[in-house]
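Common to both upcoming complexes is subunit A, partnered first by subunit B, then by subunit C.
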Partner chain A sequence: MDQFLQHALNAMILGGTYALLGIGLTLIFGIMRVVNFTHGELYAFGAYMMYMWVMLIGANFMVSIVLAIALGVALGAVIEIVLLRRLRGADIDTTMLVMIGAWIAMQNIEQLAWSGVAKSINSPFPSAPLVMGAISVSWTRLFVFAVAVVLIAATNVLIQRTRLGKAMRATFQDREAAALMGVRIDTVHTATFALGSGLAAAAGALLGPVFVVYPTIGDLASLKAFAIVILGGLGSIPGATIGGFILAFMEELGAGYISSGYRDAMGFLLIILILLFKPTGLFARKERIG
Partner chain B sequence: MSRAVTLASSLSWVAFLVTLPLWMNDLYFLHVLIITGIFIVAAMSLNLLLGYTGQLSLGHVAFFGIGAYVSSLVSLGFEIHVWGETTVSLEPKPVWLAMLVAVMFAGLCGFMIGKISFKVRGAYFVIVSVSFAEVTRLVALNWLELTQGPMALNNIPYLKLGIPGVGQIDFIGKLPNYYLVLGVAILTYVIIRRLVRSRAGRAMIALRENEPLATSVGIDVTRFLVLATVVSAGLAGLAGAVYAHYVRIVDPDVFLFIYTVTMVIMVVTGGKGTLAGPIVGGLIFGILPEVLRGFEVMPEIQWVVYGVLMILIVYFLPEGIVPALRDAWRRWAGRSGTPPARPTVVVEAQP
Partner chain C sequence: MHTSSVKIAFAVLGASLLAGPAFAQETIKIGVTQPLTGAFAASGNYVAQGARIAEDEINAAGGVLGKKIQLVIEDSKSNPTEAVGTVEKLIVRDKVPAIMGAWSSTLTLAIMPKIQEYKVPLVVETSSSGKITTSGNSYVFRISPTSEMEAVAFKPLVAKLGIKKADFLNTNNDFGIGSAAEYSKMLKANGVAIGVMETMDPKATDFSAQLTRIKASGGDTLFVTTAVEQVTLILKQAKELQLNTRIITTGGSNSPDQLVTQAGDAANGSFHTVFFPPWFPDVVTNPEPAKRYMTEWAKRGHEPGGLTEGFRGYDGIFTIAEAIKIAGKAEPAAITEALWKTKVKGVYGNIEFIKQGPAGSESGQNIPSVYLVKIDGGKVVKSGL
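On to the complex of A and B.
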């Protein structure tokens, strides 16, 4: 039982960052109809920026997180403006090929810039874990969870309460009608991609100090984000949030009770189960053939 | 008349490739051609899905790797523990049988993936296929008893074929394998050509062009998509099996995503949905790394170049090289009866 509680606690904490990843990807797909293969690279970018600020420049840990997220937002905006803007109206496969090309290029640039050696990032929190009865958790992980929850809440406020969020929701429902009502579609798309990228970079910046950073971490992050989004239904933010936690639980329990070698295979198992039993995802609002 | 021209040009191409080792007697170059040929077979199989049905299989390397592993394991034999004391074991089988089993097993995997993921389409098939490839890699890495994990399968036997009147041929070394790959490539080309020009092929193209319309005239969409996936996976498995018995060592790296990307780039550059596209793209991207190696380019830079090239091709040559050349040729030659190389479909309307 104690072991189960420990796994559940780990899963809760991991789930927060997975939810960040999933929300970013689902926003981009829902609003822009782009299958974003660079998502994992933005995650890796966030982690490497964290490494750069904390370990190479020696900036404050909190400041570094903010800087890493801001740089992720900026990189996302650049990708959207340079690569995707001219493909507006192109079919989904065309944009997918461009994003795959960008993914390959970005990952290898990372490899060139940072070398293949794994990097670790020091955190300013005490290394002794917080012990609660039979279970324990490190302070860094608690902090990561808290920041993730704050960011999820902030994203929801942005989507539900602000003018930009309203424009995004309108574009999601009907792009043409939104454009006719005076919504600047270009701005909405750039903002969406930048926001989604910022969330991926945030996940990377938060998990970087927990694990280690190496150039291909983005691949698994992408796959996990896809699994989360399929689980929750493409375009659904609550779906992506809950999907993130479900995937984290499956991974933790699978690694704990089955085999740790297959931990990363859980996402695929999840995709298969969902496609077999509820192909529209748990929270899909629209039809999903696209 | 144009049929005769096409036949003559095909025959002269084959004759050129058959005689190539006679006057190009460089073993390293032959090795590059063999590997390129194997990739071209894999790219042709991917083209069947990507080009003719419009479904991007981003885990295509999984079928290639499964073909390589199954063929190796059947020819080497294995013994595994399944449940407690129960073991499953297999005596080593002849290589040709192993390759046949590999093709069938890869096709079966294609069938299951197709059945699961074609309930939904587009982005979902892509994501399911890419996750599937990742899982096969994890299995190859972790199931030590069967696959030796990172220690790799070694000493894989080579193919021996007894041909009546000729005697036994050992496919070991460069020259016999060159002809083996050439034969497999021609076989693959013929299979795909026959398939896409059959009723089933026209159905696939129709649903690539306009799925609702294709469904409305009674085409069973899922059936044809699954059929294409099975054939495509089987051929990719064949490429993997040939690869395994040529290099004679197989490790989990055969599942690396980067090989799928190579195949996709070959198909997209050459021209998806054309029969010659994967061959042209395959030759370019099979030979290019060797040229780049001559300039001592780091592999990372090579991949950055590939990624950027892929983006540029989508922007500036969206149909690929072969259709672009064909259009240029038609404009130059006027309308003097060059038949369209790919079956044109009456369906034009967009949903």
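On to the complex of A and C.
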């Protein structure tokens, strides 16, 4: 029983960050129809910015998180304006190739800038874990979970309650009709990509101090994010949130009770099963085509 | 205007291409394939830096057979397919007569068929999977220890440390699986109970599920086999989950200095097998080359945490250079023959090759020293091996 509780707690904490990663990607795909291969690199970028602010410059930990996210938002906006804006109307394959190129270029720039040696980021939380009976969890991870929940909630508010969110939803439903109604598609696209990138950078900034930072950390983050988005249904925020938690529970319990060698396989097995019965994912919304 | 500058550019390019082979005749090329980017980038770069130190040292002393040696270092991107490509390029385009590589066991196993196909000798500087020297590839010469040698060297410590029940956590590749198999075999033979044997993806960063299971298993010692990045995370996460067993990391790519800086408190009390202990250069078989290597490493401003990895490249290049000297010519067949007679006083110890694998197509295997160190109070200390 203790073991189960510990697994469940681990999965809960992991699920929060998975959800954060998934939401950013699903937003970008849903609204822009762009398969964003740079998502993982934005995650790595967030982590490296955290390293820079906390370890090299010596800024306050909380301030550093805000700065890392802000820089992620800015980088996302730059990528959208420089690369994606020119590709508007290009077919999805062309865009995909450009994004793959951007992904490889960004990863190599990280390698050049920071070298291949892993960096660690000090966290201000006590290194002794919080102990509850036989189960325990580190304070840093609890903090990460709390911030992830806040960010997910804030994103939901932004999409559902603000004017920009309304414009985003309109663009998602029918880009042409939204443009005819006076929605500035360019602004919506830049804002969407910047927001999605900011969420990825936030995940990186939060998890950097939990793990260590090296140039290829983005690859795994990217892979998980894609899995979550497909699981939850392309373009669905609740789908990505719940998908994140499902994937985390599946991996954790699969590794804990079946075999750790197949930890990643468990998650993908579940995705195959769900797609067999619901080919659009769990929560895909209907959209108007043409 | 534009066309003429393009023409000039082509002319310069053409001239330099023509000039290439002329320069090449002055040097003896040695191929190196290492993971300079990707998951193993840190270690691959250390090995390449060590190899460069050996290159400069050999050339400063007059080179080999009156010629300077020249390393051609290719990046395998930590990917087996790419690794095969680097070997093809080194042999076909650069025409190197010998190659050093490929760090990870998986990468080395991937390039071995190519080595055999082109009959070019390969000096293996890091990989520890047993299969490398037992699969009947007579062009393979390994200077690093196998997992089995490491496990045998560890044997006297089982009683000393009082190990009763051991659990395993290893990376899910040739290196990790091979090491866990050899260690568990040795431990079982010495009356130690084996608890759970957990694996992880080489890229994974979260091991909470595995560590929770290991905690439930209740062993007194956990053997961990993977590279330093994952070791760092495992030490930190074990502490978070209050896993209070003794942690021993195997395989020698665990860079204790890096663990001290990055895992902090969580590294205290852990043990690590290494094949070169730069903290106590006097205990090694050949302190002289060890000190030369360490001085140069520091002079070049390389990361001190990389010392336990860089020496592999340093020794590998010296081994190939010595074999070329004995062969009297820089040709693959002669160098392969000469490697059997090569003796090098290296950082790994006295390097020479014994035969391993099926009769008639044996591979060469060196028997290096193995050391076990401990991290205590944020410092690397001797532990008694």
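Here, the second predicted complex is superposed on the first by the 276 of 290 C-alpha atoms of A that agree within 3 Å, B and C clash if a C-alpha of one lies under 4 Å from a C-alpha of the other, contacts with A are read in each partner's own complex, and residues count from 1 in each chain.
The rule we apply is simple: a residue touches a chain if its C-beta (ideal position, glycine included) is under 8 Å from a C-beta of that chain, and two chains touch if they have at least 3 such contacts.
In this text, all values refer to a predicted model and were calculated from it rather than measured experimentally.
With both structures placed on the common chain, the touch criterion links A:29 to subunit B but leaves subunit C unconnected. When the two structures are aligned on the shared chain, A:173 is found in touch with neither subunit B nor subunit C. When both complexes are overlaid on chain A, the residue A:268 reaches subunit B alone and has no touch with subunit C. In the superposition on chain A, A:227 contacts subunit B only, with no contact to subunit C.
Contacts of A:108 after superposition: both subunit B and subunit C are touched.
Of the two partner chains, neither subunit B nor subunit C is touched by A:162. Residue contacts after overlaying the shared chain place A:276 against subunit B, while subunit C stays out of touching range.
After overlaying the two complexes on the shared chain, residue contacts for A:94 are found with subunit B alone; subunit C is out of touch.
By the touch criterion defined above, A:219 reaches both subunit B and subunit C.
Touched by subunit B in one complex and by subunit C in the other are residues 108, 111, 219-220, 261, 264 of subunit A. Subunit A contributes residues 29, 35, 83, 86, 92-94, 96-98, 100-109, 111-112, 219-220, 223, 226-227, 230, 234, 259, 261-262, 264-265, 267-268, 271-272, 275-276, 279, 288-290 to its touches with subunit B in the complex.
Across the complex, subunit C is touched by residues 2-3, 6-7, 10, 14, 108, 111, 115-120, 127, 129, 131, 136-138, 141, 211-212, 214-217, 219-220, 251-256, 260-261, 263-264 of subunit A.
For subunit C in complex with subunit A, the residues that touch the partner chain are 36-39, 41-42, 44-45, 78, 172, 198-201, 203-206, 208-210, 212-213, 215-216, 228-229, 232-233, 239-242, 258, 261-266, 303, 305-306. If you check the complex, the residues on subunit B that touch subunit A are 54, 56, 58, 116-117, 119-124, 126-128, 130-132, 134-135, 138-139, 141-142, 257-258, 261, 264, 268, 298, 300-301, 303-304, 306-311, 314-315, 318.
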